[in-house]
Structure formats: structure tokens, C-alpha cells
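Note that the chains take the letters A, B and C in the order they are written out, and that residue 1 is the start of every chain.
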Amino acid sequence: MTASTGQPHTRKPEPLEFDKPRVSIATPEYRYDMQGEMPEAERVERAMKSFVKDFGRTAAIYMESCIHCGMCAEACHFYEVTKDPKYTPIWKLEPFKQAYKREYGPFAVIYRALNLKQKVTVERLQEWQQLIYDSCTVCGRCSLMCPMGIDIAALVSQARHGMYAAGLIPHELWSVTERARLEGSPLGATPKVFKDRLEWLSDDHEVEIPLDEPDADVLCAMSSIEIMKYPDSVVATARIMNHLGVSWTFRLDGYEATNFGLLSGNAAAQKLLTMKIVDAAVACGAKTVILPECGHAYTALRWMGANMYGQPLPFRVMHIAEFLAEQVREGKLRLKKVAKSATFHDPCQVVRRGGAIEAPREVLKALGVELHEMYPTKGTNWCCGGGGGVVANHRADELRYKTFKLKMEQIEATGAELPVTTCANCRQTFDDGQAHFKWDRKMHSLLELVADNLIEDES
Amino acid sequence: MDLLEFARGPALQWSVSIFIVGVLWRLLGVFLLRSKKDLSEPRNPAAWKGLRLIALRSWPRREFLEGTAFGEVMGYAFHVGFLVSLFFFAPHVLFFADVARGLSGTDLQGLIGFRWPTLPNGIITLLSAISVAALLAVLVHRLVNPVKRLISNFDDYFSWFVTFAPLVTGMAAFAHLAGWPYERLLAYHLLSVELLLVWFPFGKLMHAFTIFAARGTTGMIFERRGASL
Amino acid sequence: MSAPSVGEFLRSRGVTRRDFMSFCASTATLLGLPPSLAARIATALEQARRPSVIWLPFQECTGCTESITRAHGATLEQLIFDAISLDYQHTLQAAAGDAAEHARAQAMKDNHGRYLLIVDGSIPTGNAGYSTIAGHDNLTMLKEAAEGAAAIIALGTCAAYGGIPGAAPNPTGAVPVGEIVKDKPIVNVPGCPPIPVVITGVLVQYLTFGKLPELDALGRPRAFYGQTIHDRCYRRPFYERGQFAETFDDEGARRGWCLYKLGCRGPTTYNACATVKWNNGTSFPIEAGHGCIGCSEPGFWDKGGLYQPLSTGRWGDARTVGTAVGVGAALGIASAALARKRQRDAEGG
């Protein structure tokens, strides 16, 4: 598939600038992107087909239940900071609700026969690209508000499948997904780069980093953001694993935990990326796969992995924070006290939607910090604004910065010294926001905080 | 055949039939769709505990209350008014008792084992009036609130109308609105209810059924993951 | 021979001035007129010529006649009734056969354009042989008699709306007077039977003012049929308070609570029973513990069971519901199957 941008902004695809701090395209102003060359009718056809294929009882129940109360808007950070009604979460699904009624719902026959619901047009999908990708982080806060109990975020993920099939996704998301699919990493952390980095990190930090062990109890994976931008997290992982005396390894055939297939809506790529880790874990007989500080990686493997694999996974899947909490609970991990106050930013996919709500807090408790919870916190904490691929989508920057103000206010209000999170994507969003607003708070990694405060045995 | 007889007879039979056909059609058409088994290892195997979301989601979390309190309060006001008048106004109970008798051959009391209570007319009148006021308030809100205005469609306004009409015609019939013959008011009331029944399966009024399915489904999925409900 | 006036006739029957004035006052009240008009009624009645009246009973049960002539003793109402020149009523008249028919023909001829025609019973439009009088079928007889009538009073529910003969399946094709005669003023005085004073009231008004009373949309005199039984029912406060008799022998029934739940049709029945009452103002059905059956309303016989509460409908039965359930389930299953097929096709494609 080749990339092209859509009307009315005809533009040659520009080379990606990988050297910039973040993957970026020079001119992000245009409204929507298109991939591939195909007639408009085919785009719609593909979107609808993908949409129909995906659909099941759960999504149908959701589609049938919306009463247009508009309350989900109150939960969405994009609406909260703009008060623009188009950011109402359920409105982001409007073409897909339309398509559902016309193509798939119980009365589809009537809707089609009487043309009560118009056929979805390519223009409409193009218009909605921005709503589905730029102004939704799939954080699922709206899903906690909906009085009907509709999981709106889950529907957005399904809508993205349709958009991907139609070649109607933001170009940057499309290209990083392609890169991940072809090179093994969205950000250039190819196996060769990873290997070089590990060698360099091992030397620099005097830490042993097992790679490609044929047998290991634990397989660790990293996110490309960490490999390329926060290598300290790689070191921290190694130091903690070694400290605990765990039989563990990284593997070049399955080290990358991020999954842009999930974020972009490319289900085939999602499966491919997931299967790399699954196969690597099976190959080394791992009993546990530890996922890095990455939110959507957790969703991709912990909750969707087995369904991609087609059977229950033959190993446990844990987020690193869950693993650390377990070690603390079992008394294996002893930590120096950090005599500071901290506040915890809940990564949506790990906490709200992932269910690892208390684990990071247990670790923070073990670190002895004075935890100042934000308001709101845990399940209803505000999203960093960069999840769901938004931070990788440069044209959404302006909007994203607006939402970031919410986070800054929230963190300022706690008065805590250390903002901590356990998601590299959130961290990246915070760093970017910090630079943009010249903010004086730096987001910290829970993993690195633990690694920095290990009580080494005297022996 | 006068209007009242039409409303009590053929119109009622058709509307009840359409209601039943439509509701089953829509519910089965959704519930019989394929549902893939989730193979991931549950954090909480007792996913059914998530069904508590059905009750939990009846009131928003504190964090969301500020922006939604108006809608919630008004929503409850008109739902409670509507449902209490529907089920506890003596003439309505007679209607349901007659239906029960027709279906089962026994009276309502024999069917359910206890006497269906009715509320004094004064209370019903008050609740209906509150319901009417709340419905007017939510209509105005739908028209002036930018979010609701944007996302609203024909279904929203028509469903509002078919909910509003039986309340108003019912109150008018009960009050023997001056100058209007009772049998005509009663006929209008019945016809408005029949309009509601006919529209019910095809519009958003179906949430009366799907709300439990949607909340329950989400509750179980989230509970399984240990996610926030 | 000039016919005596009503006043002369009444005096000859021994009615005192006092009784007569009292009658005029109460009639004025019934007709919804101010009491000051009682004197005018009296004057007018005194001088009114006894009008010729032809009464044709068709498909009827004689209940209406009974109600008016035999309900109770010799009252002023009955005397007023006597005060008219009833030239033909085959149930009441002494003459029979040709003599009777001759009297009718004579009266019609003598008073052409001036006589009052009273009809009770409905008219069969099916086989003309369903109801005949002296070899004449009802339809022809009505058309002939109506032709020279000044006005027609359709007495009783059968004549006014078809009544029991007209109830489903209406084997005789019974229709009310109003469906046959279109060019004459018709006053419907429905009821099964109608209240006696209602008919005398109509007569008095006709005699006094020389015109028919104001009618409602169903052709009934507003003065008597302007309000529902429910509107004027002495049990109404129980309805408002939600106190209902559940059965005919429960505590509520003994306490005289509202009979709504026992099928009372008071709220949809327009008649004067609750105010005028029956048997010389003794009582009316609800007072006797039975709900109103709505006998003065069109189609009353076909409006469901007499003990079925008004708020119930004829919503069908278990079979209707069963059919609907079957159709709904089939459509639901079919639409789900269709959706699944579309999914399989999408996956294959």
C-alpha cells in the first residue's frame, strides 16, 4: 500500500523524519490522510465490510442502547478543554452507528429498503478521521460515565479497523504501523539496533543483560519508546530482574511490546506483532511474560493476546508494575525509602481498562513515598492526552496540548514533588508537554524509581 | 365504531402486536449475533460479579456528577413519574389485570400471588405533573445544550413526543379537562399509548430493555479484567 | 270540533293550579332554564293546542313505552303525555287492524306537516319481513310517516342508535331513524329505556317554545345529556380518593365506594340518571349498587363485557399474543442469521 494524502490537500508523501525527537511529518495542518489508490466507493465498501466482520453481540448491544443523553461528553478530556460538542465521545462513532443501523442491525433490511439511514459516504469517513484518531485516546473514561454502560472506547477501536481497511487513517499512524510490521519496531528499534543498544547499555551501566537465552522462566519485553528514548528503563528492568535472581531473558525474536496494529486499526499487523512475543515466550519456555511500562502493550497482550493466539496463552502476562507489586508482597523486593511526596498518574490501559489499579500504588508504598492522590484518580483519572496513538499523530498536537493543561493543573493541585507513572507513552506525552509549556515538573518512571532504590545485599 | 372503541379494540390489538413483534425482533436480532469467547486469563474469574454495574451505573460517580446532575435528576424525575403512574394508577392496574386474565385465565392476584397495590390519585397526579415538567425541561435542554443538540436525531424528538403525549392525555382524561368529553380524552390517551407501543421497538425507547444487557455486558467484561466499573 | 288546549285538558283531569305551577318550575330546572321562565312555560302550556302525535314502534321490546306509561302512578308527567293527541300507538290504542291503520292515515292527512312523530325501536334494512305491522314493513311505514312530520323523536337507544337489534352481528340490518330520515329534525332520546321525564321535558319544550331543544353531536337534548353519569355521581368522591369496590359483596361495595373497577360506564355515559333518577326520583342503578352499563350510548351492547372496567381494552387474547411472539421471534432469528451470513461473506471476501 502506498501512502497519499487526501483531497483537498493533494500533497506528495513526505519522508518521515526519524531523527527528530519524535516521529513527525513537517506539515500537520491538513485534515485527513488517505492511504492507497482506490475508488471512493471501494473505500466505503472496505470500511463497511471490515465493520460488519468485526461486529458481534456485544458491540450490537452497545449500538442499540445509546439514548443520546450526551453525558459521555462530560467524561472526555477533549470535550472538557474545548467544550466543542463534536468531541462528544459517542458522536465520534456517528458514521458507524449509521452503518450499523443500515448494514447490520436487526432492522437493517428496513433501513436499507426505505433508505432511512443514508449510506455512509467517503466524505463522512474522511471527516470523522480526525475525531476517531486525533481526538480520542481510547482512554475509556467515557465508558465509565455512560448511563447505559456502553463501552464507547471499545467501539472506537472497532471503528478504527474500518478506517484502516478504507485507507483512511492518519498518515503517521499508518507509516509507523508499516514500519513496525516490516522492521519490527515503529521507531527504528530493529533487532539489530536493540542488540547494539543492549550491548552498549550493558557496558555503560555495568549490568548483565541476558539475550536470546534458550530457556528462561521470564521473558521481558520493552517498548520502542523506552529502547530509543528511555534506555534507562531497559537498564532498570535488567537490574531488577538480576537483583531478584530471576531466570529471565530478552529475545530478539520478540522484544517489542508496543503494538501500533492495535492503535491504527490494522488487525493483521496487531496479530503479527502479538505473535512475535507469544512465539518467543513459547520458544524459551517462559512461564511469565513481563510487559514494559506501556499501556496499550498491556491491552494488546494481556487482554487480546490469547484471542489473537486462538487459545489460552501458555504463560502469565504481567505488567512490570504488577510484577514488582507481587515481588514486594512476597517480600523478595526490598526498597530504600524515598523521602518525598509523589503522585501517581494512572495510565488508562493499565489501570482504568487494564485492572492493575492497586499494583503501582503498592510499589509506591514500598518505596515509602507520601502518596498524594490526584483528583480524580484511579479509574477516573484524566488521560495524559497522548494515548491511543495520539502522541504519534503530529497534527493533533495543538489539541493535545490543550488537554495537557488538565494534567498540569491536576498534578499542581496535589502539591506532590514526584509525578510518577508506569507507562512510557504517558511519560513521553508528559515530557513533550513539559517542554511545550516549559513546565517545571518531570514525570518519573515507577520502574526506574524502583531500580534506583533497590537495597543491594551486603554480601 | 366510535373513536374510543377503535382505540380500545383494533388499535390496541395492532399496537400490542407490533410492540411484541418489534421487541422480539430487535432483541433476538441482537442477542443471537455471534459472540466470541474471550480466551484471556481473567483477573477475576467470577465475571458475573460485574453484573453489579447494572445497579452501580444508576448514578454517576462523584467525579462526573457536576456536569451530569441536571440530566440525571430530570431523567429520574420523569422516569419515576412515568413508571409509577403507569404501574400504580388504579385504572392502569385494571388494564394489566385484564391482560393477565386474558393471558392466563386467572386474575392478577391469582397470577402473582398478591394484591397489586395502587396509589391514591393525588399522588399519581403529582408524580405525573413532575414527570411532565421534567420532560419539558429535558426537551429544552436537548434544544439548547450544544452537545445534545448536535447528537440528537428524529428518534430523540419523536421518542420524547410519544413519552410526553400519554402523560398529558392521561392527565387530561383524569381531570376531565373542561369542555372535552371524557370518552374522547380517554380515546386520545389510549391512542397516544398505542403510538408509544408502536414506536417503542423501533426507536431508543428500547433502552428499557437494552440498558440491562449493555450494563451487564460491560460489567462482566470489566470485572473479568478487574478494570474500573 | 276544536281540540281543547293543554290547560283545559289538565283542568278537566283535576290538576290543581298549584301542582301545575310546581311541574312547570321543575321542568324549567330540568331544561336548564332560569326559574323565572316557569311562568312563561305555564302560560304557554295553558294555551298550547294538543298536538297530534303518531307513535311508531318498530324493532323494540316495549320497554320504552313501559317506561313512559307504566313506570309509576298517575303523575303529571303521564298526564302531560296524555295531553297530547296520541293518534296512533298500536300497543296502547284500543283500535286494531284496519281501524287503527285508518286512524293513522287520517291523522297524517289531517295534520300533514304539523304532527310529531315518535319512533321507538330500530328499523330492519335486511329482509323487510323481519318486522311488519299490519302487513306494512317498518321502512316503508317510517318513510311515509316521516314525510309529513314536523319533527321526529327517536325514543330509546334502538331508535336513536340501533340498540340491541343493531348489536353485532346485527342479523336484521337494524339501523336507527337517523339513518333513514335525513330531511327532518330528529331528537334522539336514548336510553334502554329512556328516563320518563326526559321525554316529557322534550314535549314540554316543544309545546312551550314551539321548537326542539338544543342538541349535542349525537342528536340528544343537551339539557339532559350534557353531563356524564360520572360527573354527577354521588359516589364520585370515592373515585377521586381511589376507593373502589373490588367485588359486589366486599366491604367497599357495602360502603358504597366507586364501582369503576366493576365495569361502571358512568364516565363515558351521558345521561341524567344520576340527577333525575328513576321511579319518581327514588334511585338509579349505581345507587342500587350496580355500575352504569351505558345503555344510552351508541353501540353500548358491543363495548365489551358489562363488568369489564373502562380502562381495559380489547387487546386481543393469548392467541394474538402467541402469534405476535412467533412472528417476532422468527424475524429476530432471521435477521441475526442474515447478519451472520453477511459476516461470513465479508470474511470470505
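The rule is short, and it goes like this: a contact is a pair of C-beta atoms (placed from the backbone, for glycine too) under 8 Å apart; a residue touches a chain by one contact, two chains touch by 3 or more.
The shown structure was predicted, so the numbers you read here are calculated from the model rather than taken from an experiment.
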- Task: Report the chain whose mean Cα position is at the greatest distance from that of chain B.
- Result: C
- If you tally C-beta contacts across A-C and across B-C, the winner is B-C
- Item | Intercentroid distance (Cα basis), chain B paired with chain A, Å | 39
- Note on the structure: Distance in whole angstrom between the CA centres of chain A and chain C is 80
- Query: Taking each chain's centre as its mean C-alpha position, how far apart are chain B and chain C in Å?
  - Reply: 42
- Task: Would you please write down the residue numbers of chain A that are in contact with two or more other chains?
- Result: 55, 105-107
- Residue numbers of chain B (touch at least two other chains): 25-26, 28-34
- Query: Which positions in chain C touch two or more other chains at once?
  - Reply: 331-332, 335-336, 339, 343
- Interfacial residue positions of chain B with respect to chain C in the complex: 1-2, 4-5, 7-9, 12-13, 16-34, 90-92, 94-95, 97-99, 102-103, 118-121, 176, 181-183, 186, 190
- Could you pull out which chain A residues touch chain C in their complex? 49-50, 52-53, 55, 103-109
- In their complex, what parts of chain B are in touch with chain A? 25-26, 28-36, 38-41, 43-44, 53-54, 57-58, 60-61, 63-64, 66-68, 71-72, 75, 145-153, 155-156, 202, 204, 206-207, 210-211, 213-219, 221-222, 225-229
- Query: In the complex formed with chain B, which residues of chain C make contact?
  - Reply: 228, 230-231, 239-242, 244, 260-261, 267-268, 270, 298-299, 302-304, 308-318, 320-321, 323-325, 327-329, 331-333, 335-337, 339-340, 343
- Task: Would you tell me which residues of chain C are touching chain A in their complex?
- Result: 331-332, 335-336, 338-339, 342-343, 346-347, 349
